[in-house]
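Structures follow.
Both complexes shown next keep chain A, but they swap its partner, so chain B is in the first and chain C is in the second.
Now for the complex of A and B:
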């Protein structure tokens, strides 16, 4: 009797490894390029993370950082790395990944690279709600929860106003821009109404910062990212078809309505969670997927690469913000805006720009 | 033990069992506007049906509604006697493929990437590239004459090559029913004939094909059954020989002509066309 373990197929599919076990009817495709890209991004993220843990008022070497992480280092180093800096780096990785995955989903859904949650106003609405809750309620857990509520309400509003066109076309984006502008105005209005101390307390919510995140919010982030990541992974095959044309998912037997609804829920949920932790850090949702697509040569829907690229951008931007004017700290949202905005302008002005992701 | 080995082909799919597609009192359109109303049509099994008519007569709307891209505003589309919108989507996709009119392609996608999509309705998450998938995709590429171009990027190909790649995808879906919206609109004469002959050969494998065709002559030559539409209604249907008359051509397009049989093949020809 012949035993057929997993084997490479005789006729190769260019760019893929085919893992096969014909007896069990199993055949899995592994995109070679995506695998290499993801490994490289993970390596880069590891380096950036180490760098971020090492830099600061108590400078450490990479060895000291890792010894402290493993619990075998100097007690002072352990305090600095594990208690002070680790939460910040993990929050950066988590929020960067969440923003970027949400951006990638939304771009694919709207079939437009400009349609990231930040640009269509979901970040702004989440912020407005968080600020309102800081000002009004003042409890520690309320702002994150309120920012998720804000994201959901804004999306509902955008849908209602965009009418029958759903997530397709410019109408959706333009309506989103409007909703975002209103939400931004509401934030400003609320801040200008209240006492200066209250406004100061709410201010970090309006620009996006990773400073002094509570470990509790990390749990929310981890839970949201796990759930959203797994859910998004189940949608990839349908989204790949949607990327080709509006009608292809239907023709290929996907439930098109369900595919769209679920992608939107995941995108909005991830955005809400990320804003809840870091505030409205702009441009990561745009840049992460752009870098991922570039590295993966525009093949497929690079969700994992987007997540890793988004995390890398966030950690690097935060590190840069801490180092540039040390001991003063520039919030991460300002760095990403400064880096991302020229790219957005280039996208808008480039005559050869293709809207489609 | 003495076992007789099965021939290789027996392991593959048998010629697809014919499926029936029928429109019953169908009304369809976009938003508030009804393009077709009260339409009844049954596609003859294992034949090529060509849907012809002037611009805006609703032939693409009909095809897209039959292919469930558009939901009917009234009436039903019946696949093997069951309402197509009540059946599980994947099950429908195993029986019905549709080639859309707009055959664009995203950046970076190769011909093979696109054609592989056709296998989607037959795949599971753990079965992404079976030997059967590979065999059928290669056969579809060969049928569309794209084997040499399979690793090329779609947006770097000519319109005609891209259109053939989409046809190959529809073939790779390996369905008993195939709906094609202007399958030859971007093709030159040589490739048009090639694709029409390919479509004819599909019916010999037991497939039922319906296509929207602009060119009445090609419709008459390559279709077994002709459906003429005007203003959202079917005004004539039957074999090209029965249906295609000078009166029908005038009614459809407001042009005068004479119809005579092709001296070699016998299919109807339009001659002396004038306004």
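Now for the complex of A and C:
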């Protein structure tokens, strides 16, 4: 048997820039397309955010918005932008990014594009627990904690119930559908159990809305998103191997079990935090990663692009909901459902549909 | 053990499932459930006082509550339950899918959407909603069943359910979007949209009687061909039936039944899934047999769910859909978890 000597030559990598440090110790691959896509998405997000800050009962121009943001504008404008609208836009960006990253992780983990947290019922369970905590406990920190607990419980239940059948087929998802239906019923049950005032306080959670979020929960969201984002970024290499085949991560020396558990924890945690802030806006977790994959031409796991796309969808949907029937406000969950469901239907009815991301 | 005793002769040969036994048992249970629905409620009337009112000796208040509030409610529950149970059985045979359920697949949601649009366009809720609801149910039915005939979707029963659930959630989101346009309409149908048999006008029922009778006649006409169709398209053709025509009539019947049920009680999901599931377990998968049992089990489930909805959160009331979801979702899980999904 002939042993070939190890040849060191650089692969011709199309579409990548190779950045090398002078001493050959570290080199970095930069995906040109992903870079461009991310920059464009950031630009679009900035535009959408500015628009969202400008629109409302006191219409402002873009320059007025930016002046107010920098603290150099009219005091009234500063109040409107910084105290009232900024929280809302930031909540939209944060929850959109959290939903989309969670969706992207879940899809990769289950090797199934349909297995986003919203579709398999995790959102509903988190909502049920958040509503129960609003009704039961008065503290502002209770809903996020409880919604994460709900998300974890639902995930455990779904995986336990779908146990033998694997996560790739439709069976896994219909199990999630059933769990979601039970959770939805529990939410209704809790809401009808309490006095009407308490029920009204908990109502935003049941449809998904960005209205009147407190800055406290926003801080929690930011913390969760930072932690989850960094953790997810460390998992990407292993997940990229998982995307190719179930056994490749093991061959490449990743601890497959730990990789899966960690990704699941991040996805569930992010979903829980996002639901605690905005309620079950499920479709973002499907649409964000889909758009990101489309733009990046299915290369790797576009976590950052997913986050940006999710945030963009959320901010745009919220803006649309505010403008469409002004002064009335359509909850953002309804807008994303109306936009996202036809796409999901098309996915399901398309004969050439490929399950794997 | 008990099932074996009932279904096998001592020498081990299978004997026909005892449909009559189950029918009698079901009828007795139904009578019991209806009686408890009349006797139990959130108000101050004790069951004993209600019993006296039933016998015609109660005082005025009890008489009013029983005659005007609880009796119509029980009657509506009876008819809605029977209609939904039968519609579920027919739809499952039609789609050859044990998970096909009018509520889950978007037929009820189509009906609710149509009613909302009609109310928004200025129709009055008392006169128009019945036929509109049936037309909406027909549209939803046609969409979902044509999706079932698409390549790839029909072969995978679970994929069809997912598509139907998506259609359903899309229609519900559109309905709530439309409701935001018009406060008057929203107030008018807010309670209806969650599904309930409380406080309905019996006039709706009178208006629905012709279409319910039509549905019953059509069902009797197509039930034999449907049983043949369950054996496969070729077999049905060889037996002298026309599959296309049978399907068309069955779709009309499902739309009539679901539209009528939705007009009476609002969109109620999962009843059409649970009822045929239980009926099939008891008397086997021949639609000529288990459809009869659906007629009894449907009202039992609906009326007992309605009775529970009154006492769980008394003095308030729970939407009926919440209870049916609590009963139905575990059944859905049980069906999906079966190793091999039965093809009907």
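As a working rule, the second predicted complex is superposed on the first by the 332 of 357 C-alpha atoms of A that agree within 3 Å, B and C clash if a C-alpha of one lies under 4 Å from a C-alpha of the other, contacts with A are read in each partner's own complex, and residues count from 1 in each chain.
By definition in this document, a residue touches a chain if its C-beta (ideal position, glycine included) is under 8 Å from a C-beta of that chain, and two chains touch if they have at least 3 such contacts.
It should be emphasised that the depicted structure is a prediction, and the values quoted were computed from it without experimental measurement.
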| item | value |
| --- | --- |
| Partner chain in contact with A:33 - chain B first, chain C second, else both or neither | neither |
| Which of chain B and chain C A:22 touches, first, second, both or neither | first |
| Touched partner set for A:14, first chain B, second chain C, both or neither | first |
| Partner chain(s) touched by A:177 [first = chain B, second = chain C, both, neither] | second |
| Chain B versus chain C as contact partner of A:161, first or second or both or neither | second |
| Partner chain(s) touched by A:82 [first = chain B, second = chain C, both, neither] | neither |
| Partner chain B, residues of chain A touching it in the complex | 9, 11, 13-14, 16, 18, 20, 22, 25-29, 164, 237, 240-241, 243-245, 247-248, 250-255, 297-299, 354, 356-357 |
| For the chain C and chain A complex, residues of the former touching the latter | 99, 147, 150-153, 156, 158-159, 161-163, 165-167, 169-170, 173-174, 176-177, 180-181, 194, 269-270, 312-313, 316-319, 321-323, 325-326, 328-330, 332-333, 336-337 |
| Sites on chain B touched by chain A in the complex | 31, 64, 67-69, 89-94, 97-98, 100, 102, 104-110, 112-114, 117-118, 120-121, 125-131, 133-134, 138, 151, 173 |
| Complex contacts: residues of chain A adjacent to chain C | 114, 161-162, 165, 169-171, 173-175, 177-179, 181-182, 184-185, 188-189, 192-193, 207, 325, 328, 330, 334, 337-338, 341-342, 344-345, 348-349, 351, 353 |
